[in-house]
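Below, chain A partners chain B and then partners chain C, in two separate complexes.
On to the complex of A and B.
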């Protein structure tokens, strides 16, 4: 599971009252992939620029530190940083190359745990947790 | 499409740059849609002044022909853009030949120098083109003594002898290329195409000879549908697109499932979805990841979700979704196990536009049943705390109508503006109206609907939609209620396909008879196997007649 994916996952059950984000990461196994290959640079830059707008920055910073990258990201995203291509490359690396292989994601409100096994987060709910009305 | 009319004396607008696109003779319904989607991705609108469609010769013939003539502006001075291999196009730094070679169904792209309804007309048109200003310039570039060349004669669906081909070649002698003739890898390959009516398999509808190689004079005398002359662009007739299909074919994958999408259709879907480098593609019913693979090959980053953990995990370490991607050196796809019916439960602020494309093949219960979380019971008993970690939650059937409604709603929320949704829906060829029977959403506009037939009655439709309006959270219930225009009647058309196929089969004549024959065959195979197994297991020699092998108590004498 990548940090980009983690930035979008939440537990929005009725009990959590819409506050089930971000999920706390308890990591047991992490893998970091190789630094990006230069030939894919344009592809990576255009991708990062595209998703920059939808990232929840504080959640990302917190998650990065839970994954062992304490000071990898600045606490705030500024105009200058957005224009800096080296920063964008580093951001791509943090978002896409750091994988949580095994661990647990915990809802900050209800404590409900979602396991991550072999890189795949399991968001499946128990029968009674699925609200009777189709959302 | 409303093509521009041609003038009588020469069938080409001589002041423009004209291309002939030859399609492969398959997936006929997809050809124009794929072409339009790919051109649109590069800023070229099909059937606009920047890219006109010209009428083919004998356009009144009501057949789907595997050709289209595109006409581009060709400016004389200042920023002149000629659209061949060396130059640039309107939006991006790709030549038109490269753009078109991305289309899986395009067989070749030809710079058109002459066209006509007969060979004579084509020759006279080519002569006029050669004298025109555009023609003089282009011809001048390629007639140079340094450019080796050859002229291929392509007669659609028919064979002509070497001598007959040579006679056709002589008609174009007036071009007088100064370079040498080179059969293998010349600098330029010219082509003359003689088009005739084709049947659905790609051979001539009116063949020159019958099966005994005897000439059929009335067919021989038939005029062609069109004759074209030009210079082949790109890598020739085995263009990049079709080469990809072979390279990434299912035969070569490490991990396959019963519903893996074939490489050809996956690439076509990625073209319809306008996937390109750096885009974010999502597949909510990812299965074995075959569709996402094509998207990754085009340079996109992929995420897939599925409810079934078995297919996500794969068979073992070496055979899973990831191994398919690793096999081709592609970045790992992101995979999440989740239920698309509950998308909003798992994903934050679900109206944040996240994905550039959503391309998927939803389960519709024919080969893979559709499931969703939840129990069939109204009030399921909650699982005790101590058993939770081991408990595997039940799933219940997920009606196809709901699958589609949820898919459209999720796409409307999460696609970026003008982002595309491409999905497959099974349906029957008749009794289906595109306006009424496809699922609808006010935020999504239908751009293409292409039909792929399987049998005379049954096929599937590949539907492409584009996001045109922002999702309004307060109207969510209204959106979901309006998905099926004619309510359950439309939804029914794509539901329960399996039952419908069985029902239709039962109505066919001799159904009972054939069922009995099949049952008999199966029984026979079972009995042969049983006998063989018995022979293998037995330590004693047994007689051929069937006899029960009884076991004797230990120590007793036989």
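On to the complex of A and C.
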């Protein structure tokens, strides 16, 4: 599970009441890819620019440090940084190439744990845990 | 001749390509796409070939294990079959996909407005069946569509290919999607062929948008048999009709020639002699 995916994940159970984000990472095994994921630099840059508005920056910084990347990212996103292509390339690397292989994700509100095994988080909820639906 | 496994793979690829086409994505940059019911990662691989970044969910741990092997480039038994196109050889890069063990009927566990688009290949119909005593299909469908509405970015689209067992299932699915506020509907490709027929639920946020047309193939009309499940749905194009048994109209012949051209066959050009009655044999 890469940091990009983690930045989008939340605990969608009824108890979390829409606040189950960000999930705290307890990492036991991490993998960092060195090879480029998208072949062209231009593709990487355009992708990062496209999702920049969607990212929750403070959650990303926190998650990166929980994964052992203490000072990889600046605490705040400034306009200058957004225009800096080297920064964007480094951000792409942090988002796409740092994988949680084994560990646990914990909901900040309910404490509910979601195990991660072999890079795959288990987000399965029981029917009783789910949000109520009016049909 | 295909063996059944590689034929299935071929069909799933075709369906995924068509779903991506129906998404009408901005081709200038890679998109961030959610693949629901990603299974063994075949559709995800196609998304990667189109240059996108994706997150796949599936309820089956076993399927995800297979998909994971594909993602982390470990040798697999059926890797040989995919080598036909030399695609594995071209891709030296790690995958752009991520996997998640999750049941779509429980609601998608993502923050609002995170994904540019969503696809689903041959998975949605499973929501119509209860897996446990306390599961109600309609509830799961509404919960799923409601969460999908939330996690898609505004202006994004979802294309979900599925196999409805009955007309009622197709109606239930599209009603639940409409209920949560989605615009769109079902696009049917090859409506007259029992074998080739495919249903795509195409959803967006814009009610003013025109629905894409389903594919049709005039030559398949002759082979259509059996009861049509969706008798309420009409094919988008008015197909040209034969005047009476054995007599082909000019319109029909030109339409058929066009179809053959589209399939890449060699066809004589249309001239003033096209469809003209030939002189009687000596």
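Operating definition for what follows: the second predicted complex is superposed on the first by the 125 of 135 C-alpha atoms of A that agree within 3 Å, B and C clash if a C-alpha of one lies under 4 Å from a C-alpha of the other, contacts with A are read in each partner's own complex, and residues count from 1 in each chain.
Please note the rule applied: contacts are C-beta pairs under 8 Å (C-beta built on N, C-alpha and C of every residue); 3 or more make two chains touch, one makes a residue touch a chain.
If you're wondering where the values come from, they're calculated on a predicted model, not measured in any experiment.
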Practice task
Report clash or fit for the pair chain B and chain C bound to chain A in the combined superposed model.
Solution key: clash
Practice task
Please indicate which partner A:91 is in contact with in the superposed arrangement: first for chain B, second for chain C, both, or neither.
Solution key: neither
Exercise for the section: Please work out whether A:107 is in contact with chain B alone, chain C alone, both, or neither, and reply first, second, both or neither. Expected result: neither
Practice task
Check whether A:61 is in contact with chain B, with chain C, with both or with neither, and answer first, second, both or neither.
Solution key: neither
Problem - Identified clashing stretch of chain B versus chain C [422-430, 530-538 or 548-556] - result: 422-430
Fill in the blank from the handout: The intersection of the chain A residues contacting chain B with those contacting chain C is 1-2, 4-5, 8-12, 21, 33, 43, 46-47, 50-51, 54, 56, 96, 118-125, 127-128, 130, 135
Completion exercise
In their shared complex, chain B is touched by residues of chain A numbered 1-2, 4-5, 7-13, 21, 33, 42-47, 50-51, 54, 56, 96, 99, 118-128, 130, 132, 134-135
Handout entry: Residues on chain A engaged by chain C in the complex (per definition of touch)
Key = 1-2, 4-5, 8-12, 21, 33, 35-39, 43, 46-47, 49-51, 54, 56, 96-97, 118-125, 127-131, 133, 135
Fill in the blank from the handout: Within the complex, chain A is touched by chain B residues 277-280, 299, 301, 303, 307, 309, 312-313, 331-332, 334-339, 341-342, 344-348, 352-354, 356, 373-375, 377-383, 388, 391, 393-394, 402, 416, 480
Handout entry: Partner chain A, residues of chain C touching it in the complex
Key = 28-32, 51, 53, 55, 57, 59, 64-65, 68, 71-72, 92-96, 98-103, 106-111, 113-116, 132, 134-136, 138-139, 142-143, 146-147, 151, 153
